[in-house]
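The structure under discussion appears below in the form of structure tokens.
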Amino acid sequence: MLAGGAEAVAEAAVAAETEHQQPRYMAIWATLAVLTAIEVGVAFLGFSRSVTVLALLGMAVWKALLVAFYFMHLKYEPKALRIMVAAPLIPAALLVLVVLLEY
Amino acid sequence: MATIVAEASGMPVLVVEHEMPFIRKYVFSTDHKVIGIQFLFFSLFFLLIGGLLAVLIRYQLGWPGKAIPGGGVLPESMAPQGIMLPEFYNSLVTMHGTFMVFFAIMPLLVGVYANYLIPLQIGAHDMAFPKLNMASFWISVPAGLMMMASFAVEGGAAGAGWTSYAPLSARPDLSGVSLGQQMWIVSLVVLGLGSILGAVNYVTTVINNRAPGMTWFRLPLATWALFISAILILLSMPVLSAAMIMLLFDQTIGTNFFLPAEGGQPLLWQHLFWFFGHPEVYILILPAMGFVSEIIANGSRKPIFGYHSMVFALIAIAFLGFLVWGHHMFQSGMNPALGMSFMISTLVISVPSAIKVFNWMGTLWEGNIQFHTPMLFAVGFVMLFVIGGLSGVYMASTPVDIYIHDTYFIVAHIHYVLLGGSLFAIFGAIYYWFPKMFGRMINDTAGKIHFFATFILFNLTFFPMHGLGMKGMMRRIYDPAQYEHLSEIQDTNTMVSIAAIALFGTGIYFLVLFFWSLFKGKKAPANPWNATTLEWQTPSPPRHGNWSELPVVYHGPYEYSHPDMDRDWLAQNERPDIVSPAHPELTDQVLAETGASEEPSPGTHTDGAG
Amino acid sequence: MTSHAATVDSTAQRPERGLGVYDKKVGMWVFLCSEVMFFTGLIGSYIILRFGASDVWPMPGEVLNVPVTAVNTFLLICSSVTMVKAFAAAEVGDLKGMRLYLLATAVIGAGFVGVQVFEYNQLIHHGFLPSSGLYGATFFTMTGFHGLHVTVGVICIAWVTAKAYRGGYTQEDHEGVEVIGLYWHFVDLVWIILFTVVYLI
Amino acid sequence: MDWSLPLNASTQGEAIDNLFWLIFWITVTAFVVVEAGVLWFLWKYRGRKGRQARYTHGNATAEVIWTTIPAVVMVFLGIYSGRVWASIRSSDSYPDDALTIGVMAKQFEWIVTYPGEDRMLGNADDFTIRNRFEIPVNEPVVVMLESEDAIHSFFIPEMRVKQDAVPGMTIPIWFEAIRTGEFQIACAELCGLGHYRMRARVVVHDPTSYEAWYDERSAEAFAAEE
């Protein structure tokens, strides 16, 4: 019963937050666009290979997380759904890393 | 059309059933039960085809180079004058594996029973997405037809083994098969799409559509196993599809993913294939374990021993299943250090399997064992799965694998697991749920004859294969008599072939029995086995939409021989007053949450003795 | 807990809460989990073939036209934001806004496919083909299957848009918009990764 | 057919066979325990009128016991197997000054390349023979395994040697014959329609007859070239 009450409160909070979030979609869009521009810049500026790769991967992950958390509103989903969504990343990472170990 | 309308309040309401035309009711049906039955006919057909191919393979191995009796009907490109050609033999081993794995066992386990059982066992009206469910079946049909048709094309059917290792599978000039191999690829990609759609459905349904009170730890183990298998399909099948697409491009448009010519990696195919292939092996055994758990608890008239450890073992097997694929590749040229890690994960995965076997034994212990046909098959499963599991230890040990890899030892192992294991469980499941599916019984004596004949002939066929493997007989060899070290085992091969052909005969016997019972079997009561799970609390067969009102669940799935009951079973949805010691706290909670106290219930009412 | 008392009666027939998210959304997320593994198969193979190879592959800009693709990436990001704006509009009951944003998403998405066709055409014209070594093979396979996903997405969004114009969605019930949005953002997300690992690294 | 492994003819074969039989006895024990247990329970607890099954949901102690025992056995097997594996396949197990022979697998034959007097492969004094693989006894041999087309597998049952030959890779394996005589190489990986007959003769010589054979073949090969 307590849980039910808590959930109702949480739902209300989420609803309120969603309303607050809406204007920020454009800010996220701007961030994504700017990050893309920076990425292209980094790729051609001729930093050392490892710096370039790390910076690019970092920005790609950042952008991906922005899309997942805000556009796909994972931020406002129940924790169980977020865990479920993150689960395939484990076998995915395993596959690539283990096979890369071969070389 | 779907007859269930979910109101905004979340309360599903059954709308008056319209009389549906035949084609909507039995062909393009969205009813999960009809789709399950469609899958049953579909996969039994391919089981028969796969068995027929096995007979041809065994004929060649038993009597190498002899004309197949009646083989004259085969075209010149397969067996001129009835004498099998090596290229046809390669197609046979490839297609036998493909049909059995993808078109028989997998749809029998998942297509048939995930569809049929999940909504009934969790107390739902239907799947979450009935139309998607229909699509998943009708996508599989053309895939099967295309696979069949590939025998008839120029160059014959795919001949690079069911694992289709590149470059043999990628270069038509090496295998002599081009169109057949491409059809094989396309067919499996299409089938994979169907499986993924089905799996999306099963997972969503189990997560979101459980009846009130059906908590995770009250799910029947069959549903648990099917749920876990569906997750494995979701995460492994797409990797196969991706690999298949690359293989198809290698075949057709001149790419070099798996061809070494321009830096491609033949081993990459094996990694991708087995990354799918090993979870696939568990997709093929976990549901079988689930069915066997249902049947053994029912046959022993006891709650399943260690329900929670059974569930955790399923989860552990599924998770570890993604870490062991390299054990198929110990001798493939993979880095030996990697082989060491895969050996360790493989040995670890045998522990949860062992836990399951011991729990089944624990369930038999102090039971009141009823020997009905499903129970015989379930016990047969345990006895044969143990052999399959133990023979796996030899392969897991990398040094021993050097010798037995790609020999008949592996063939024996896979058949003990897939035929002695999965197929025995499937037979058990068919006998067990046949009354529910078709409203008729299969004659128990006839079923027992089927069991004993199959059990004996199965062992006569496959147990000697361990010995053939120990003698070093390689897999996929058209003519073992070519080799000195194999000349002394030809007698055994002949004996095995005779047993195999007789085993095929038991399959025919089963099909006859199945179809005869479909029409002439005794009318079945709603709950012929006095079982506890929800599907048995509906009429046989259940109505469209399953329940007029969703059941409310108060108990774990296997409350057999409860001391407070005067009969030896307690259905999941009855007697909220009886508290199961397994989850007393849950019972209280559900009583409170579901407001069951407002319903009149038989027996005295307690406030919960927990 | 006054609200709770009111809910007791209705829960008597309500399924277990599950995730507390409606079926279609769960289904789409489950399907996207599967898609993650599909793209892992393709992108993972590329990573393995490229970083496992002894020879050096072409650097950014040597073969591929990065500026055009950067613009295309921007297009896809724009379509993602219009998609989410369509959903946001539906949430507050602005059905007109929802329809317009949906239409914009479909159009921009189609634009992305158009630019990709142009890019392919240009590359093929310069002799860069799927059979041009592993670089060509992986490039066309990955971007091709992504393009296929975009195309399917555009068709679905067009369908949803048509339904929206027929009045198929309301402030209370616009599950279709949210679910197709999830798919669309996922396709965008995959492109973010692809653009980085294929064009820039 | 008797239930035995073929006569062993290599040093690694002994380790592999010992491990095989160790696993054999472990699995036979487990097999007997489980199968006998199942059959005994089936008989002892068979359904009878008036019999009441024990109402129990499990036993934590039993679970712990039957989780621990297989886990311990598996850890033991893992460590033991790991050692044997390392002694055969780890990079430092390869003998330094072994006789190195090149084997190129192709549909459907084995091309064997012997080094010249310098014992090094890959220069002009190498010579090549088809479908014959002759080695001296009691001397470690490294086989540099390659494939020209499909994947093949180099399998000599009596030597307990098996390794896939993968196109695009050169995979070294080593072994040491401990018995003279004639054996066969078999292909153990489906490689096309001639897979079943892709075999070659293996001859293990004593040191003097190996020398004689080597000199003769080497001379023959170069005579043929000129």
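Think of it as A, B, C and D in the order they're written, each chain with its own count starting at 1.
Basically, a residue touches a chain if its C-beta (ideal position, glycine included) is under 8 Å from a C-beta of that chain, and two chains touch if they have at least 3 such contacts.
These numbers come from a predicted model, not from an experiment.
Rounded to a whole number, the gap between the C-alpha centres of subunit B and subunit C is 34 angstrom. One inter-chain figure worth recording: subunit A and subunit C are separated by 14 Å, centre to centre, where each centre is the mean of the chain's CA atoms.
Annotation: 49 Å between the Cα-based centres of subunit C and subunit D. Spacing of subunit A relative to subunit B, judged by their CA centroids, is 37 angstrom. In subunit B, the residues touching two or more other chains are 234-236, 239, 264-265, 267-268, 272. Each of the following residues of subunit C touches two or more other chains: 19, 21, 26, 30, 33-34, 37, 40-41, 48, 52. If the chains shown are joined wherever they touch, the resulting network has some other arrangement, not a path, ring, star or complete graph. Here the touching chains pair up as A-B, A-C, B-C, B-D.
Within the complex formed with subunit B, the residues of subunit A that make contact are 1, 88, 90-91, 94-95, 98-99, 101-102.
The residues of subunit D lying in touch with subunit B in their complex are 1, 3-6, 12, 15-16, 19-20, 23, 26-27, 30-31, 34-35, 37-38, 41-42, 45-48, 51-59, 62-63, 66-67, 70-71, 74-75, 77-78, 81-82, 84-86, 88-91, 107, 149-151, 153, 155, 157-158, 160-169, 171, 183-184, 186-197, 199. Considering their complex, residues 8-12, 124, 128-129, 132, 196, 199-201, 203-204, 207-215, 234-243, 245-246, 249, 253-257, 262-265, 268, 272, 549-550, 552, 593-596, 598 of subunit B touch subunit C. Interface residues of subunit B facing subunit A in the complex, by the touch rule stated above, are 234-236, 239, 267-268, 271-272, 275, 322-323, 326, 334-335, 338, 592.
Contact residues on subunit C toward subunit B in their complex (touch as defined above): 8-16, 18-19, 21-24, 26-27, 30-31, 33-35, 37-42, 45, 48-49, 52-55, 129-131, 133-134, 136-138, 141, 145, 172-173.
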